[in-house]
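One chain, subunit A, links the two complexes that follow: it is found with subunit B in the first and with subunit C in the second.
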Partner chain A sequence: MLGYIVRRLITAVIVVLGVTAVSFAILHFLSPTPAYAVLGTKATHAAVVSWNKQHGYDRPEIVQFFSYLGNLVQLNFGYSYKLNQSVAALFNEDVGRSAYLSGAALVLSLIIAVPLGIAQAVKRNSPGDYAATAINFTLYSMPSFFLGLILIQLFALDLNIFPVGVGDNITTAWQAITHPRQLCLPIVTLALLNVASFSRYMRSSALDELAQDYIRLARAKGLSERAVLFRHLLRNASLPVITLVGLSIPTLLAGNLLIEYLFNYSGLGLLFYNALGNEDYNILLAYVLVGAILTVLGNLIADLAIATADPRVRLD
Partner chain B sequence: MTEPRKTGSQELEELGTAALSVPGPSRGLSELTPDGGEVQAIASGWRLALREFASNRLAVICLALLLLLVLFCFLGPLFYHTDQTYTNILNTNLPPSGSHLLGTDENGFDELGRIMVGGQAAFEVGGFASGVAIVIGTLYGAISGLVGGFVDGLLMRFVDILLSIPFLLIVLVIATKYSGTVVEISLILGVFTWLVPARLVRGEVLTLRTRDFVLAAQTMGSSRARLIYRHLIPNAMSVTIVNVTFLIADSILSLAYLGVLGEGLTPPHTSWGDMLGNAQTYVQNGYWWLVYPVGACLVFVVLAFNLVGDALRDAVDVRLQRR
Partner chain C sequence: MAAPALKVENLSTEIRLSRATVQPVGNVSLEIGEGETLGLVGESGCGKSMLGLSVLGLLPTGGHVTEGSIKLGDKELVGLPERELRRIRGNDIAMIFQDSLSSLNPTKSIGEQVSEPVRLHRGVSRKEALDRALEVLELVGLPRPRERLSDYPHQLSGGLRQRVMIAIALACEPRVLLADEPTTALDVTIQAQILSVLDDLEQRLGMATLLVTHDMGVVAGRSRRINVMYAGRIVETAPSEELFSSMRHPYTQSLLGSIPRLESDPGRPLLSIPGLPPDLTDPPQGCRFAPRCQFATDQCRAQEPPLSGDSDHKFACWHPVDGPAVAVSASTGTRVSVTREPAPAGPAATVAGPVVQNGAGPLLEVVNAVREYPVTAGTMLKRKVNSVKAVSDVTLQVRAGEAVGLVGESGCGKTSLGKLIVGIEKPDGGQIRIAGEEIFRKRGGELRRARRTVQMMFQDPYGSLDPRMRVRAILREPLQIQGVGSTREQDDRVRGLLSEVGLPLNALERYPHEFSGGQRQRIALARALTLEPRIMVADEPVSALDVSIRSQVLNLMKRLQTERNMASVVISHDLAVVKYLADRIGVMYLGKLVEVGTGDDIYRRPAHPYTEALIKTIPVPDPAVEQAKRGVAIRGELPSPINPPSGCRFRTRCPLAQEICAQVEPPMRRFGQSHQAACHFPLQTPEPELPLAPSGDAAGSASGH
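Let's look at the complex of A and B:
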């Protein structure tokens, strides 16, 4: 087990290094220097050269990469010349709100998807199962943006239960938590998208488990159906969810971007979106990197968690 | 090529095992030849997969509707003439009527005509991006699997690295610099979606390369290039064809996301995502015709490609299981 963890950690570090190199290369290819963004597009060549020299953008790319890497280790993600703030400070401001949105959506989607998938498997091929599958398939194919628009139309404009967007008064994660009415639509939109894929996996996983001998044994020894489902099936059928949660990080990040844009909820996604318009490449690079590192970490943690939770998983 | 006369599942089963699991044709033929009757052609694996696919009614309906929608988008403008180039500020945001079947948008463009134009972009990008991805992915995967060893490990780690970069984020960043034409967006999408097909093809090649026919070809002195394009790629084709449908769905969805966030095609070109993104402003005004028709088209196309892909996978899986 220890050997496995060490080996997995080493691969993860290599992948993170590779991801940093590739992202850095792509973004530096797109925008070698932020000089024009800072000095204006009409800046003279001499001004750009001297700005580059002053800020270290005249060094060879490989030197710049390693100095970026060195900063990264100290959690220094560079400087946003557009917003005149360090990227780390900007992230620090927004990370709580985004984490709350993603986290709440993830929890909500699990609360819906796990029981739904099991119920579908138990009552497989019933009208209810078909209906749920149809809805899941539609949600799975639906752009989060369109789903958000439908929910806004329905619950904000027609029924007037929730506000159309998140108000400007929400400035901290704590305020977001204490104003559930404002955050309800964004969280539900993001959660529904995950429900679609989660419950599909839950259904097939529960179907597999239902056919196992231990379920038959549990029934044969006279356990109530509820005990069979909750005590025996739930635990075993939920194992793939660990992997799914680990794999859902890129989806959550992309979802955050669109949901924050649609509901005007200031978080990391909206910061990224604004940086796209401003061509603020230091923010873009940092966010892509954070996303990639989270993805690698998510896979790693999921693999380790499944190895711990499931004794059948043999590590060699 | 004659169709077997009976298409009952029993006979299909027999045909499947006969055609796929028996090394030489002789045993299968003798079992299938009716006494004194003519010899029937044995259904090929592809034919079986096709029949399996055809038995999935939902997928067939989806495929038919998709074809209709393609015709609607590409041929529709020939019959339903609309101006999709010049804005008309006198006719903005008109509700559906006889002259504008789905109303007009904020620039005075006819919405139905615009859905056709946006649909063309969706299908073009879907087809082109998935084509790019499948070509790169197949070659990469085949080479990696065939060469094996250290090179294989290196090539696959590179795939791991690229897969770890959040797809939509990196595509958005690149699109800010390059977006504009269908070709550019397709290339950007294709360059970041070949990873999954590469993995799949590599997996197939790893099992194929130990099979007798590949060993035989090697013994007879086939070069690696010939081995790849003559033996490995054709045999890994079933996996890639299934994957293409999912790739098309993903590319169309990604194009929509790019459009919504304003990084899609440049005017006068438009995509369904661009239209949805613009319509967002008008939801509060109750201009439903700007939101739901185009959204429904988008959801249907992605859903249909996913369903067709699922059915294809089932069909091909059956073939693989019987092999």
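Let's look at the complex of A and C:
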């Protein structure tokens, strides 16, 4: 098992290196130097050349890439000339808040989706099942910002239960946790988007498992329907969803982007959004890198979770 | 006798589906006393499983009992609230299902699963329940049960899993045990072990057992009484001996007559029941068997016969028969009640006459063939750590017009050998020669042309036909690939084939799902024959089919084999099927060919102890024979083909094994004209001559290479 994790981590490093190389190359091709962004578009050629020389942007691209890599190892993600702060410091500030938003949304969506999917499978083709399916498809096809806008209109502007956006007073993850009312709408918006796909998966996998003989045997043992579902069905039916959850971890990060912008919640997503407009490309690079790391880690975690939950899967 | 443990009276059930209502069980009555086994025999879809599930109150969604009563002792179960039924399930009435892999929860340990009903019904602690689990696992003969408690189902073999399932059923010492096809998914040798466990337990625990099966052989020696079920009705019920010796219902008669038997003459076609069981959403009026019954009259088609007769032997038929059909024909010398295959319409109907086996050399030669599948380790760099020895040094010859059968337990390498013969896989050693040439070593177009010489018929008629191709396209595809004939000629050949396998011409425009299993297997056979191969390999051609359908396909295969003078290799786990179809039989064990001989050599004069054990374990539909063979003929399970035992591979399970068996691999020795076996301590006296060279084979014919 340990050997397996080590090997997977080695593969992960290779994948992340590849992603870094490709995104570095693309960004440098599009904009070889941040000089104009720093000095302004009207900067003289001489000023740019001297800025480049000063900040090492006159070196060959390959050298620049390796020096970037060397910095990465020391957790130095470069410098944001626009915000006048190191990228690492900026990320450090925002990562907790984003993680809290994504994590809470993920947990909430599972709490809703798993029982919902099982209930739909048990009562398949009933009016309730059809209604849930209809709602799921509506949610699934809705863009995240649109769903967010609807919820803001309904719960913030009309009913006045929650604030429209997250206030500026929330500056740390801990403050976010201790002010649940302010975070409620963004978390619910993000969660609902996932409920749709998770519960569809859960429903179909529960349907498959319900038709299995071991469910019949469990009933023949004299177990109540509840016990059959909780002791026998739940674990087996959840297996396919585990992989899905692992794969959705990086999507949560992307989902954050619009939701954070919409609710004015300062997290990684908002940081990235602003960096896009500013051509603040050390931030952009770092964000892509974080996405790659999350994808690889999400996969690994899902595989490990499957191996723990399903004794038939052996990792070696 | 005391009050029966389980008494079912006039039970009818129905299941409401979205479009129709099925009545899977109609007016069924039966009773089982304590310590007694009642056999319930019928084909798939006849309602026998539904009867078992009705007793437990576990009919599928939309199902319920419409009429009748089910009594456990004095307690009426029909109409009992779910709560109380749950207290009876798994406690007073337990059930064993057919497929032990899908019936055990894959994510729970054996200990948890066996102790679960104990905790539920006895309210004991976890520890006490586990102790009880250990006790029952020991009772069902699970080796080293304590170590197995924390194992998961996938870590056990099929036979051991089935023991675990029996242990679950027995955990609370039920009064009634419903065994639904308890051994159908198992190999014959393991089946014999499981059946003897059941026999033993039933006597020791005094349970009432309902043994549900499609296999007449399984119930023959085990139940005092047998009920035969057809299309939801009990059509005949009698004490075992009487049912087998003097059945009255034509269905019982044809069911028994349609089973290929080891002792019967393979030259005589099997009795076959034409047509298919009725659709239970719309059962025929009158007797439900009438549409398939040769004795049916207008009365049968109008009026349903009641179950009547003397109290011991009842049957539901207006025109009862008298005893088995085969016996009648044997004594009078005529085949009075044998239903023949529909006569073929094509020009090929002229029978090619008996197969002449002299003259030309072998058409197919398998010479020292070896096939090993690598076992790899490591995720990034796959390195070969070992190999599964699927086929090890097998030598076999088949002449034109000859049919050779391969038998053995699952995992013995018979299918791998079949794949080598067809050229789907290449041997890792040795040669596959067809007409003296290694045709599969060719490349490109030459190889493609060579492939038409050998064709294959597969086991699963559902998986082997492309569901999105019409039958015409399925049958024409091989001709198109091989570029045989014009479109018109191809079409003519397809039509000819269709009538040869007994399907109507309108089948051409239909899709595979519109056919029954038996019909699909006919299509599969036709497809194998489109290219007029010189050799056909049939891998388990009938094991997915119901008994009454099986004989139709077997008769057809046998006829076409003879007519086309084709060499064929028939692979099956069922020795009787192989003996019926094949002139010679090869017995395989763990990748090795251990004995070869004619059907009679193998059945009457087996030389290898494995062959003998295999024959002994096959359930025979004859109560006297079955009761006579008590005890288990073969112990243990098939060893791993990754590390096969040294010397003779059978020695770990062989009653005669001695030291030499572990050290020296026994060579093939000759026991008769075409009879050879590889054993140090054979059951027959070998012919006094030198052991054959390993490449030599039957009939003293050319070992010239």
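Definition applied: the second predicted complex is superposed on the first by the 303 of 316 C-alpha atoms of A that agree within 3 Å, B and C clash if a C-alpha of one lies under 4 Å from a C-alpha of the other, contacts with A are read in each partner's own complex, and residues count from 1 in each chain.
Note that a residue touches a chain if its C-beta (ideal position, glycine included) is under 8 Å from a C-beta of that chain, and two chains touch if they have at least 3 such contacts.
All of these numbers come straight from a predicted model, not from anything done at the bench.
Among subunit B and subunit C, the chain that touches a larger number of residues in subunit A is B. When both complexes are overlaid on chain A, the residue A:V296 reaches subunit B alone and has no touch with subunit C. After overlaying the two complexes on the shared chain, residue contacts for A:Y287 are found with subunit B alone; subunit C is out of touch. By the touch criterion stated above, A:G18 is placed in contact with subunit B alone, subunit C being left untouched. Of the two partner chains placed around the shared chain by superposition, neither subunit B nor subunit C is touched by A:A89. After overlaying the two complexes on the shared chain, residue contacts for A:L9 are found with neither subunit B nor subunit C.
In the superposed pair of complexes, A:L262 makes contact with subunit B only, with no contact to subunit C. Residues 14-16, 18-19, 22-23, 26-27, 30-31, 137-138, 140-143, 145-146, 149-150, 152-153, 157, 164, 250, 253-254, 257-258, 261-262, 272-273, 276-277, 279, 284, 287-288, 291-292, 295-296, 299 of subunit A are the ones that touch subunit B when the two sit in their complex.
Those residues of subunit B lying in contact with subunit A across their complex are 157-158, 160-162, 164-170, 172-174, 176-177, 249, 253, 256-257, 260-263, 273, 276-277, 279-280, 283-284, 286, 288, 291, 295, 298-299, 302-303, 306-307. Those residues of subunit C that touch subunit A in the complex are listed here as 56, 58, 86-91, 94-95, 97-99, 102-109, 116-117, 120-121, 152, 154, 165, 168, 377, 379-380. Against subunit C, the residues of subunit A that register as touching in their complex are 4, 7-8, 11, 212-214, 216-224, 231-232, 235-236, 309-312, 316.
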